[in-house]
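First the structure, which I've put down as structure tokens, then a few questions once you've had a look.
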Amino acid sequence: MPQSYRLVRRDARREPTVVRLKSGATFGGDEIAICAGPCGVESKEQLEEAARAVAEAGANVLRGGAYKPRTSPYSFQGLGEEALKMLRDAGDRHGLGVVTEVMDPRDVERVTQYADMLQIGTRNMQNFPLLREVGASRIPVLLKRGLSATVQEWLLAAEYVLLGGNESLVLCERGVRSFDVATRNLLDIAVVPLLEELTHLPVVVDPSHAMGIARLVPPVAVASIAAGADGLLIEVHPDPPNALSDGAQSLDCAAFAALMRRLAPVAEFAGRKLPKRNVAVDGAPGTSAYRPLPEKSDNASKPASAVRSSSRGVRLA
Amino acid sequence: MPQSYRLVRRDARREPTVVRLKSGATFGGDEIAICAGPCGVESKEQLEEAARAVAEAGANVLRGGAYKPRTSPYSFQGLGEEALKMLRDAGDRHGLGVVTEVMDPRDVERVTQYADMLQIGTRNMQNFPLLREVGASRIPVLLKRGLSATVQEWLLAAEYVLLGGNESLVLCERGVRSFDVATRNLLDIAVVPLLEELTHLPVVVDPSHAMGIARLVPPVAVASIAAGADGLLIEVHPDPPNALSDGAQSLDCAAFAALMRRLAPVAEFAGRKLPKRNVAVDGAPGTSAYRPLPEKSDNASKPASAVRSSSRGVRLA
Amino acid sequence: MPQSYRLVRRDARREPTVVRLKSGATFGGDEIAICAGPCGVESKEQLEEAARAVAEAGANVLRGGAYKPRTSPYSFQGLGEEALKMLRDAGDRHGLGVVTEVMDPRDVERVTQYADMLQIGTRNMQNFPLLREVGASRIPVLLKRGLSATVQEWLLAAEYVLLGGNESLVLCERGVRSFDVATRNLLDIAVVPLLEELTHLPVVVDPSHAMGIARLVPPVAVASIAAGADGLLIEVHPDPPNALSDGAQSLDCAAFAALMRRLAPVAEFAGRKLPKRNVAVDGAPGTSAYRPLPEKSDNASKPASAVRSSSRGVRLA
Amino acid sequence: MPQSYRLVRRDARREPTVVRLKSGATFGGDEIAICAGPCGVESKEQLEEAARAVAEAGANVLRGGAYKPRTSPYSFQGLGEEALKMLRDAGDRHGLGVVTEVMDPRDVERVTQYADMLQIGTRNMQNFPLLREVGASRIPVLLKRGLSATVQEWLLAAEYVLLGGNESLVLCERGVRSFDVATRNLLDIAVVPLLEELTHLPVVVDPSHAMGIARLVPPVAVASIAAGADGLLIEVHPDPPNALSDGAQSLDCAAFAALMRRLAPVAEFAGRKLPKRNVAVDGAPGTSAYRPLPEKSDNASKPASAVRSSSRGVRLA
């Protein structure tokens, strides 16, 4: 193990890290985290429909892109701050945490006003000024693996964030580039147990970007939890054929609900639980730009990554 | 889907294929197949110890190399026909089917005299004379994916075998070559559900060669079954540190037994069962070079790949 | 060819683009461009020695990192603005243009004050805020290919810059990630003729990062020019064994001079010339932060990419 | 360098190996070798036209497939022994050596009766029984690099052949598998100088299979010779659009002749010569299945790989 894994290495902490969002969702604890929602926020209606559906099915974090990194400058680039507001509103209304991507170091402060977790996307895994900027913030970070990043490079990118003082980091495997076009990327499921050995940080899997094909998402999601993942990132769209981005890999609401029903026994097998359902939040929407839900307020005052459990270390046979 | 997937394509058969060895083990049916044993057959003692351990833990097929494809001509190359005899004896003694690799078209007939299943290794996935030779035989074939073969190339290699008249073919994912040295290969778990769509042939996973690190084998084995794999190929050695090949990725007998206990609930979750234990075979070893075990004799007379009704098609949500 | 290659596609311009630096160096014209210098600027002495040596050997652009993207946060990160000043001074003193990397959109303006060309590094090829920022500037851009970027993704990254209004862009092949550790990256020499078909933009090759081994740099540099490249980016350090970064792949001054002698006949074979030597500039160092050399002042007032020649199109047999 | 590079390593011989065919063509000597011809032998007429054209343009070895390894069993598989006879006849008639692929160890003896050099194709680089079989023969071998073989694996495959007693082996780079579909494979030009350091064996390049696009073949062929390659393997077809295989990457006869004219000055730059033209052989065709041309009979009696003093070692600057 490289000398420079100072802060991320497994033995830098006594217990595995549990990252906790203000909304109460945790990564690395007894509950797995289910982050679901559309690739891009397209409209209030689209987002509301998606948020309601994923909350009802049992997700605890809403994902959605406000700033979209797109290969072509002519593709839909996201709605920006308007989308951030919609995400915050929908998250509050449905008791969901909000995770969304930030691409520009100059946007970190703005996105932090609305989101509970900042996503660093695949293309920015080694965008060091951006890593330093989120390292200087105190909001949880979801660090996606680079398109062809080695595990070592990925952990050293995480080291940049922790070195900045931000210890609430979750690693997200989303498939790497491969020679085969049969799937969009090649999901490297081995990193789930491997990272459990190498680091104290939680690890989640994004099967949607890995597969690129909606039908393949559920079996791979199930396998990821069976392998010990701390959560999932799933693209869900109310109307995939008409999505402005990533329609082919998005589950519709019914398919997502079916997946959630399949996940319960697998989570149990893996010694974990699905997120507890937030009841009766529909009637008490937040009114502020950011308002932690009442029943989570105790946790919200704790440092984001303070809560620890030691159950993770035993999952590797 | 290419025009040339004539025989392998999913809709070329009404039901998914179930491949049955003379020993009674099946691939693609209700039971998952557990093929376990040493990388290379090194001695009678080593093999006996491995065979007994894997049989006791619940495996139903013994794997072991008699002819070893080795990157260097100076590495251990296998014991050849002597190893084939040992495999047959150990298989009979413990009620296990025998799968072993054949590398040379001139060896197919000889290996067929001893083995229940011929393995075509990664390096030979596109060795077309060898594919034609095993296609002309009537013994089940385990076709490993090439080191950087696309799914399409893999299925077309299988097409060579089926076109020769041999319909008893099982595909084996064993990881593909990648840029990251963190694991030996990169296990492409997505092919499990993908192949279930594309072909009627069963699919098993070899996590040992994919990982190259014994500790990572169990979680990935579990994930493979959760994703719907029809079986596993696991390297087990009584004394991994002193193995002549692949010691680093071999489970010892205790670790394999622990894995088998973990697999039972996952198999059930996936709508499958572990292989039924063969009892009381230790006291009635076979005496001939190849003697189907009595309780399997009915099956032995059936065509090896008789199409059976199976629940496989519904596993993909 | 994708619809979205609107501005970069070959037929978007009548003639291939010639990118011209204020210093007079051109990319895509009759002269090939030779950018040479240390990986990172380490001290005034190191840079002066390198700059003098590469100028004497016939380079026309000085390369050197002020802001270094490093995999580990504990590695040398560059001297920042201090290094920019040293680069400007050394460039002026030796009649060399200056190219240096910019990693942060907030640094673009500052770097532009000192450099003649902004390098977008491999890790930032799809850093879209950064691409937009350099697209809004009017200084030539060197866009390195991403670590595993397809040619299509690379051209679409260039499209972001051109769409911003900055048409002075040079593409730089520096090797892609591969499964083989024999060299640091895998140089994709085919992109040189391929890009000549697809785009009007000039293409240079960086054999230093591609090889990672100094001994392999000269033959690959020669091959690149033979294949039609418009220039080279070569790491040269006065004392490679003691370099703070990339020592193993840096030529020492003598090896660089030897390479330049070999390049002359190859350039001629390819219908090109080496850069014309700037004489007598040593005695008239610039004093301002940025002072175009007198004999280049005519060009400096022209739009950076206005000068065109039509000789490039015929090099592909 | 691995211990097991016993016979292939550079310092296992005093001088670089020069491999000589019975026809007189050499690999690794002062002349570069130009092997050209169709992907597959389709008919007497097609082959005759191709052979005459490549001989007139200056090639010295005729390439053509009699046994074709094809991804699909439904693709054209080659004409077998009939094609071998045609190759021999055309080679004799035009003073060309003959290189053709052998895929099956049982075919080695038959192919040896007709060919001057046995090609081991990409898919068979680690077909160890085949390597042993050609190692036991005394006919020169052309060993193509595997689709994703490391340089180390490639050299160890060569070691199998040399260990069998056959020292006349030429390595052929033909591109490796990559994530980008812009070209068929990714030509690894760095192996040319790298292998010159690591081994005494000659190295040639096959730009046709690397590119998959005929227009890109000439610039890459030129670059390969500039980098120090000992020869080229080029697909040439009299009528590429109607070729039964590899039409898209085949040069027509005029394009090949144009390439040969471009190669002369590059070869000279690299300190080499194009093959000397064989004159007046058209009027004296061979009549036997294998008849060394009269003017080559002296060489034919020499050991095929007699070690010759060569300037190769100094080409790496």
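A, B, C and D label the chains in the order they appear, each numbered from 1.
Rule of thumb we're sticking to: a residue touches a chain if its C-beta (ideal position, glycine included) is under 8 Å from a C-beta of that chain, and two chains touch if they have at least 3 such contacts.
Remember, it's a predicted structure, so these values are computed and weren't measured experimentally.
Common neighbours of chain C and chain D under the contact rule above are A, B. Shared numbers divided by all numbers used gives the overlap of an interface; between chain B and chain D this overlap exceeds half, so the copies present the same residues.
Rounded to a multiple of 5, the Cα-based rotation taking chain A onto chain B is 180 degrees. In this assembly, D is the chain whose CA centroid lies farthest from the centroid of chain A.
The interface at C-D recurs elsewhere; of B-D, A-C or A-B, the pair that shares more than half of its residue-numbered contact pairs is A-B. One simple way to say how far apart two chains are is to compare their mean CA positions; for chain B and chain D this gives 38 Å. One inter-chain figure worth recording: chain A and chain D are separated by 52 Å, centre to centre, where each centre is the mean of the chain's CA atoms. Among the residues of chain B, those in touch with two or more other chains are 148, 152, 177-179, 181. Interface residues of chain C, counted against chain D in their complex, comprise 148, 150-152, 176, 178-183, 186-194, 197, 210-211, 215-216, 218-220, 222-228, 255, 258-259, 262, 265-266, 269, 315-317. Within the complex formed with chain C, the chain B residues making contact are 148, 177-179, 181.
Residues of chain C that touch chain A in their complex: 2-4, 6, 69-75, 103-106, 123-124, 126-129, 146-148, 152-153, 156, 159-160, 163, 177.
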